[in-house]
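Look for chain A in each of the two complexes below; its partner is chain B in the first and chain C in the second.
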Partner chain A sequence: MSDIVQNILKGDQRSIARLITLAENNDKIATTAMKDIHPYTGNAQVIGITGVMGSGKSTLICELTRLYRKLGKTVGIIAIDPTSPFSGGALLGDRVRMMELAMDDGVFIRSLGTRGMLGGLTSAVYDVVEILDACGKDVVIVETVGVGQAEVDIIKIADTTLVVIVPGLGDSIQTLKAGVMEIADIYVINKADRPGVEQTIAEVESLVDITCSGKDRKTPVLSTIAKQGKGIDVLLQEIEDHRSYLEKTHLFEKQRRLRYEAELVEIIRKRLMSFIFDEQTCKQRINDLLDRIGEKKTDPYTAAEEILGTILK
Partner chain B sequence: MVERKIRVLVAKPGLDGHDRGAKIVARALRDAGMEVIYTGLHQTAEMIVEAAIQEDVDVVGLSLLSGAHMTLFVDVAKLLKKNGLDEVLIIGGGIIPVEDVPKLQKEGIAAVFGPGTPTEKIVEYIIKNVKR
Partner chain C sequence: MSDIVQNILKGDQRSIARLITLAENNDKIATTAMKDIHPYTGNAQVIGITGVMGSGKSTLICELTRLYRKLGKTVGIIAIDPTSPFSGGALLGDRVRMMELAMDDGVFIRSLGTRGMLGGLTSAVYDVVEILDACGKDVVIVETVGVGQAEVDIIKIADTTLVVIVPGLGDSIQTLKAGVMEIADIYVINKADRPGVEQTIAEVESLVDITCSGKDRKTPVLSTIAKQGKGIDVLLQEIEDHRSYLEKTHLFEKQRRLRYEAELVEIIRKRLMSFIFDEQTCKQRINDLLDRIGEKKTDPYTAAEEILGTILK
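Moving on to the complex of A and B:
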């Protein structure tokens, strides 16, 4: 086992931070380290938080973390913000709302850019969850980018997914649409001191009435004012109740299997992509094929089959 | 496919509440393809260094307009060193009298960029001087 893994298992902050960087950069050292780390994972409770931008996700996480700390639990936070498709740069600003947690040894916060991923997460997020899990964090909270309607990848990684909504974002038709509104294990109506909150709660509750009819668990609809710390205790209790529900119904193992499947697929996708676009292997062939497609000497499907043929031979 | 990105922490130590300059620099670095972690106002040296460790940054950029740079910039530099983050490039900006610049450089603040500095100059400096 490498030094970096041993140090991570001891909880060394700099080693944790460095391995996360290496994983994000697809460095070979990270691949080896992640193989060593896997046996030490699976203990942390993973909570996903998603919702539109500005709905108060970071503030909510800060308050929730404070409460978990009071209960003596350690917390890892992964805060994801979008990477610019133009410059490749990112402004990672979720930490601003969490700085009061910065001096607590029991809390580790890491900001990540999406680096080209579209589902609200980033490719390395599976590794980062495993690293924080292995270093001994009891709870790992993943904050997605501010989402629109279709970014639902968070359910693949979280045991419990919270969808955060704020009053005044549209009528009841919005709550009926497919996508983000389908993935909640708990709905959180944040900024509940704003006008229109009763209507928003009523609309989400009526959605729950329809979608949960005949099921053994009804998705809770909670209201919070994160900035004032209101409603957070009830939220934490609901998260714990959901966890017990998963364990009681054996859905927990199913959820974890879903995460491993997503991670496996992501690793294969990354490897294939780097093979296909690697200078040494396929890049030149792809350029030749693009020329031939343009000249109508071949078509995109035949070209794709030719490339896949090289990989699968 | 190894893809490295320069990670920069932009922080405002101490009590001054003016972050327009810091935000403009943060945005320019973002547009130059860097990952910028913005920590907001009123940070202590300890908070800044803790964030630098957890975020595994290559650069710490400090902005200060209150006049307390000789204390606060130097505190951050010392604390980074104490935690073994010798490789981190430290740069500063804000209202810093020219006669203070050599003193700051002696304490480990590699460069100071005053008002009116074109943001390209800061980008260029970071790319040229980042240590890993």
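Moving on to the complex of A and C:
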């Protein structure tokens, strides 16, 4: 076992940061380390938080982290959102909150880029969750940008997924209706001191009534005012209740299997694509084929079959 | 050449609809037809339109289509947005506009699902662009949901990409700053009768000044009120100007090559993934590996290497 892995298992923050960077760069050292780390994973509770811009996800995460720390639990935070205060553009209030967390040895914060620009979850997120898990963080919180594939992918990683909604943003409810409804394990109506909060709660609850009818668990709808720390204790309790529910119903193993499957798919996808598009001979071949497609001497489907024919057994 | 291809080349709307459905279902008939169709493609002008929910993309498309029709051009419309009025939830005003278009033989409208839920462009979009191109549509308009990978992928398909922004939605400008800035060939400030329009224009223009400094083309920022048909003629002219710019600078061929490359990547990705995850023996193997990952007898990286070892030459 390499030094970096040994240091990570001891919880050394610098080694954690280094391995994350290596994993983001698809470095071979990271691959070896990830293999060594896997047996030490599976203990962290993974919480996903998603919601549109301006819904206060980051403030909510800060407050939730504070409370977990009070209970003696260590926390890892992964922000996969280019507009997240964790990724840079923090307002003053957020910055003070974050500085406090950043000074705490029991907290590790990392912001990751998205694949493409605002797209699906970057593949490194699976690695980072495993790293923070192996290093002994009790809770790992993953923040994703509010719309897009990332919002949907998060349920594959998180044991419990929170969807954050703000009163008065018609967009949020619209998005829910458009198909993101199924991903929430808990709804959080944040900024609940805003006008229109009753209507938002009623709207979300009526959607919950439809989607949860006939199910043995009804998705709870909570109100919080994260900036004032209000409602965070109830939220934490609901997260714990959801965890108990998962364990009681054996959905917990199913959820973990889903994460491993998503990770496996992602590693395979990445390897295959780099095999095809980074390897020099393949690259040249693809360039030639693109020329021929443009000249109408071949077409994309025939070209794809030609490439696959040369690489598959 | 099959009947369906012959009918499509004649512009038969039913055959077009049928082939699109076959392509969406990854039917083998579609693959063969797509190969036959390719030589007849490359003539349509492809316009991408993206922007957040409620920015009036669909109304803009309706008005733009009306104008193209007046100029004697045929139009294909592809909506890849679960919240688009073209995909169902049209308001009364929109519905009247769309009915008018739907009655017109020179217009073909199709709404496509997104991959996953709100994620990247569905792979069928490449096929649909080629089909509408081959059947003789002069203009093909692709509407994508405003945030997420789809918004970024659109530039690979479209010759000209419009980013639609609405005054007063702080979100739009935020999103631009977050990295979607580069995708616009033309900015459209729609609903320009709303308060705050001057400020929005100023903000977008100052962003353009930054991103276009040193470039030979400055991204134009236009105002429209699509509902009243205002500014559409100027927009159409700017689209034509951009097309001329592409042709003059030989960026046109580069753009088309980008589309073929994206399509090729997508076909390869799809084929490989279905080879690995749909084939029965592979499926069983993956299930076994997931069990072993869960039991910590192996890890996702080693498992991925094992699978790749069995399928790659």
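The rule is simple: the second predicted complex is superposed on the first by the 279 of 313 C-alpha atoms of A that agree within 3 Å, B and C clash if a C-alpha of one lies under 4 Å from a C-alpha of the other, contacts with A are read in each partner's own complex, and residues count from 1 in each chain.
Quick note on the criterion: a contact is a pair of C-beta atoms (placed from the backbone, for glycine too) under 8 Å apart; a residue touches a chain by one contact, two chains touch by 3 or more.
Everything numeric in this text was worked out from a predicted model, so none of it was measured.
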Which superposed partner A:277 touches (first chain B, second chain C, both, neither): both
Which of chain B and chain C A:312 touches, first, second, both or neither: second
Which superposed partner A:208 touches (first chain B, second chain C, both, neither): neither
Partner with the higher number of touched chain A residues, chain C or chain B: C
First (chain B), second (chain C), both or neither touched by A:21: first
Contacts on chain A seen with chain B and repeated with chain C across the two complexes: 83, 115, 273, 277
Complex interface listing, chain B residues touching chain A: 1-5, 7, 26-27, 29-40, 43, 46-47, 50-51, 53-56, 83-84
Touching residues on chain A, where the partner in the complex is chain B: 13-14, 16-18, 20-21, 24-28, 83-84, 87-93, 95-96, 99, 102-103, 108-111, 113, 115, 270, 273-274, 277-278
Contacting residues of chain C [partner chain A, same complex]: 31, 34-35, 37-39, 42, 52-54, 82-83, 115-120, 126, 145-153, 170-171, 174-175, 177-180, 253, 256-257, 260-261, 263-265, 267-269, 271-273, 275-277, 286, 289-290, 293-294, 296, 298-305, 307-308, 310-313
